[in-house]
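Same chain, two partners: subunit A is paired with subunit B first, then with subunit C.
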Partner chain A sequence: MNPQLYRPLVDVLAGLMLVSGVFMLGRVRVRSLLRLFAAQSFALVLIAASGAVFEARWHLLITAGLVFAIKVVFLPLFMVTVMARGRVGERMTSSMRPALSMFIALAMVILGFYLTTSLIPTLGDNFFVAAVSISLALLGLLMLMTRKGLYGQIVGFLILENGIFTLGLALTGGMPLLVEVGVFFDVTIGAILMALLTYRVHGETRRADTENLETLID
Partner chain B sequence: MYIILLVFAAAVTALLCLLMRSYRAVAVCALAGSLAVFVFALFTVAVWFGLLPGGYSALKFDGFGAVILTLIATVQLFAVSAGIPYLKAELEEGTITLSQVRWYGALIPLFVISMAVAVSANGLGLMWIALEATTLATTMLVAFYTKGGSLEAAWKYILVCSAGIAIGLIGILLLYYAVYLAGNGADVASVTWTGLLASAKTLPPAVVKLAFVFIFIGFGTKVGIVPMHTWLPDAHGRTPSPVSGMLSGVLLSVALLIIYRAKLVVDAVLGSSAWSDNFFIFFGALSVVVPVCFMIRQKNYKRLLAYSSIEHMGFAVFALGFGPAGVVFALIQIIGHALLKSALFFGTGNILLAYKSTKFEKVSAVARNLPRLAVLFTLALLMLLAVPPSPLFFSELGIFSLGFASHPYVSAIVLLALVIAAGSFFMNFMPMLFASHEHAQPLHQDKERWNAVHTVIAAALTLAAGFGIALLIGPGGQMISRIISIN
Partner chain C sequence: MNTLTSIVSTVLMLALAPLFIGCVRKFKAWLGNRRGAPVITPYRSLATLLRKEMTVSEHTSWVFRAAPYVVLSIAVLVAIFVPTVFASSSATGNLFLISALLMVGAGALVMGGMDAASAFGGMGSSREMTIAMLTEPCLIVVIAALGSVTGSWNAGGVVQAMAGAPWWFVHPFLIFTFAAFAMIVLAEGARYPVDNPTTHLELTMVHEAMVLEYSGPYLAMLEYASMLKFAVLALWAANLVVPYGILGAGASLLSGVVVFAAKFIVVAFLTALLESMVAKMRFYRLQEYFTTAYLLAFFGLILSLIF
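Right, the complex of A and B next:
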């Protein structure tokens, strides 16, 4: 394969991840949000796989396989199942209107690129991917903070995690395989626990947001 | 080697607890496993101090870590022992089911494994995995009671802590990147604490500084450093009392140890500690002052203790900003806090069982109704407020003597906050313990009997007082500073 293709390919895929991240901020239905998340994770799979193929770091294939199995297939399906079982509405609430969220999301992207340029000046070729991943982490945090819907918060956490994962690929070409598998295991269990807690919230309050989860304040 | 036995023993305990059919069997299993963990932890520490032969290269302590591992072993043994009468009473009342008890028995050892590995792992990746695992293992313990805010507390806990630890992962990735940039033949695949310290001179300072900021903010969430502390009072307030004791006593210290190790690395890279000290002093002071504002008019006694944990941890963070002597006092502070705060949390379990409420206004005349507990509780309370021979007396005295010399204004504010904190303890706890008032709940138990909770609190008090006296006579302080100098 032509090695010159590698860099543009990865940059395009990272760009797709970023665009899907910005669009996710504007989504109000769980299913469409999860579909976008699966698409974003699929772009991450392709980045890892192309790293494996073009740069002969074959252990990245295992990483790519794990991301595909867990983030593209399992977690979205699992969350949809939990939602269907809990019989709650699809519409998510947020403390911001969708248009405003997307506007702030764009501001976050600019901030992410700015932070990356000024804080890590030695990136060279990897600049774009690193900037995208920092922006994605910021977008995830934004979603985590502004969404009231439980699924919105879970997906916000997962976007943050996608961003960090991409950063790992950009900075170090992937962590040691065992560490990556361990990190992945933690994230998966975390997301499953969050979904299970959500299911219990459905059972108690018949809702899928934090309206009834605001009693513990001082 | 022994640490592997520790992990193995705890894992077997977790599995067995899930299979047992009666409460008695689960209790025996949990206690046996907990004892085994305690013994193996002591052996691990003994190997490290060269008292026993052996060792294993992937897992390595510094002196600070060895002390924290000893604390984990001690507090988990106390917590499991205190949990046995507590859960039994709740099971008999029908508050919980046997299957919940089984899960409780299984999750505690997993929690202990993850803390022990986080403390003793030399590789940064493994350390991160274990630290995140502590959150996962305890989420379901926070959501243990199915009612009344437990879900909310658990939701906040897992979301805030996971996001925080994820941000810490960015810091760790940046450390990997720093090693990769240095390119001194070091294998990027194995970034370890010892390796980072050894190759500190070659690492790029800008990247390491950035990494430290991410690690401080990320893992600071887990320590409960203000303003990342929002999950802490909820989680500590809602979970069963023995678990509150473990969360507050040791989990916070585990995360603080990791931040301290990151500080050692960044200090070695920069060649001085001036840059990182400012972080510790600023956020430490903030973490002492802010929770005090929530302690004065606090209505819930478990939440008051939780806020006090933020304040104590904040004080330890503050102490870490004052060079090697500060580290010694911080460690004394952590030891004292771990023993005394966990003992107080175990005591709140008995109060909760007797009065069925965690509100101050619903509890009164504890000294008349539960005299044995009241004596122990008051003693622990006084020692937590640094009345000698409490070890906290020495740490606070020492930190202020350092603090007033270099940062008089900040130290004065912190001292004032500590005084207000002590005042709010007296104001809230003394009426509950010694006065009786009409809003109080009727007592749900006829006569107090001495049980494991009392024994455990007494043991923790003895250990803390013994340690304090050792500090008073002299050898304690030298021992701690010698322990810390081991790397």
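Right, the complex of A and C next:
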């Protein structure tokens, strides 16, 4: 394959991940949020797969397959199933209006780009992907902080993870396979636990918010 | 040479606009598991309208009769100025001129819609004016980003500069600008999720409400202008995102035509795909849509200015 295509392809995919991340901050319905998340993770799959194909690092194909199985297929389906079982409402609650959170999200993106220029000056070609991944980590953090419902927080956590994963992929060409499998295991179990916790919380308090949990002392 | 190519490409665009809409409808039908009408149906319906008798309310003034001419000529001007088949900085228009022309066209249509003093016309006009007012700043900011990145304030020059770069992702920051531009094109073209081009339901129609009082050749002119505007803007967007192979930027005639045909089909398909996936927004939620578009455009501009 033409190696000149690799860089622009990865840049386009990273750009799509960034845009979907910004759009996710403005979503208030769980299903559309999860659909966007699956799309973002699919872009990540393509980034990993193109790294494998263009740079002949074949172990990245396994990584890509894992991301596809876990983040594109399993986690969104699992969360939708748990949501349907627990009869949790579609609408998520946030401490900010969608427009305001998108505004802050885009400001975060600017901050992420700025941080990347000043923190890591020797990136060269990798600048855009690195900046996108740092911005995605910031976006995930923002979502974790502003959403009240657990589903929003889970997805925020997963966006954060997507960002860190992209950074690893861009800067080091993929971490050792064992480390990646370990991280995936952690993330999957974490997301499953949080989804089940939502189910229980909703069963107890009839709301999928974490606000009520703050009064739980001892 | 430039003038000749410009004339030929404009005529091509004028001829192909109904086909574009026909393709969108066809793809949309396919995506919905229907067979769909032939792609040349828009030509036939325009021809039918042209043959029909025209009924004009006696309570209308000259504004009602002038509006179709103004709207159609504005659409044709936009088709001349926007690089669709051919990009050259000498034969296409200034970016701000294009955005101003779009606004004048919207204004004329609004006047025509209100002149007959029917309830629907006034309602549609009020909605259209709201949409146009919200679209305009987004478009200006998008234009500012495009202009500041490429250093050209000419629609053709922008596309040429982008096609000349090794890959447009030398400006990867423009991704927000492109996203905003796509949203604006859908709004200007009166498509989903801003307006439903097929409905005559009073709660949802915008463009259709304004042209409700028109009939016969006047209606044909307005319909054609709307088709032309959407086709031209959609292909402009395609040329911005993938500027390669456009005539006037180093491509040979054959490859230019092939690439144009490919873009034509792909953009029609993407429009149909989008329209099959999203629902039309409630009118009072449109400000969210335009807030999103404006924020994306604005931060796209900031990114393109900083980096």
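Couple of notes before you dig in:
The rule we apply is simple: the second predicted complex is superposed on the first by the 214 of 218 C-alpha atoms of A that agree within 3 Å, B and C clash if a C-alpha of one lies under 4 Å from a C-alpha of the other, contacts with A are read in each partner's own complex, and residues count from 1 in each chain.
Quick note on the criterion: contacts are C-beta pairs under 8 Å (C-beta built on N, C-alpha and C of every residue); 3 or more make two chains touch, one makes a residue touch a chain.
Worth saying up front: this structure is predicted, and the values here are computed from it rather than measured.
Because the two structures share subunit A, they can be overlaid on it, and in that overlay subunit B and subunit C fit beside each other without clashing. The superposition-derived angle at subunit A (between subunit B and subunit C) is 160°, Cα centres, a multiple of 10.
Judged by the touch definition given at the top, the superposed model places A:Gly15 against subunit C, while subunit B stays out of reach. Of the two partner chains placed by superposition, only subunit B is touched by A:Glu161; subunit C is not.
By the touch criterion defined above, A:Ile110 lies against subunit C but remains apart from subunit B after alignment on the C-alpha atoms of chain A.
In the superposition on chain A, contact is made by A:Leu141 with subunit B only, not with subunit C. Touched residues of subunit A, counted separately for subunit B and subunit C, are more numerous for B.
When the two structures are aligned on the shared chain, A:Gly190 is found in touch with subunit B, with no touch to subunit C.
In the superposition on chain A, A:Ala99 makes contact with subunit C only, while subunit B stays out of contact range.
When the shared chain is aligned, no partner comes close enough to touch A:Ala38: not subunit B, not subunit C.
Taking all C-alpha atoms of subunit B against all those of subunit C in the superposed arrangement, the shortest distance found is 22 Å.
On subunit A, the patch touched by subunit B and the patch touched by subunit C do not overlap at any residue.
Residues 119-122, 137, 141, 144, 150, 153, 157, 160-161, 164, 167-168, 171-173, 175-176, 178-179, 182-183, 185-186, 189-190, 193-194, 197, 200-201, 204, 210, 213-216, 218 of subunit A are the ones that touch subunit B when the two sit in their complex.
Partner subunit A is touched in their complex by these residues of subunit C: 167, 169, 172-173, 175-176, 179, 288, 291-292, 295-296, 298-299, 302-303, 306-307. Considering their complex, residues 8, 11-12, 14-16, 18-19, 22-23, 26, 98-99, 102-103, 106-107, 109-110, 113-114, 117, 128 of subunit A touch subunit C. Those residues of subunit B that touch subunit A in the complex are listed here as 123, 125-126, 128-129, 132-133, 135-136, 139-140, 143, 146, 149, 151-156, 158-159, 162-163, 166-167, 169-170, 173-174, 176-177, 180-181, 188-190, 204, 206-207, 210, 233-234, 237-238, 294, 298, 303.
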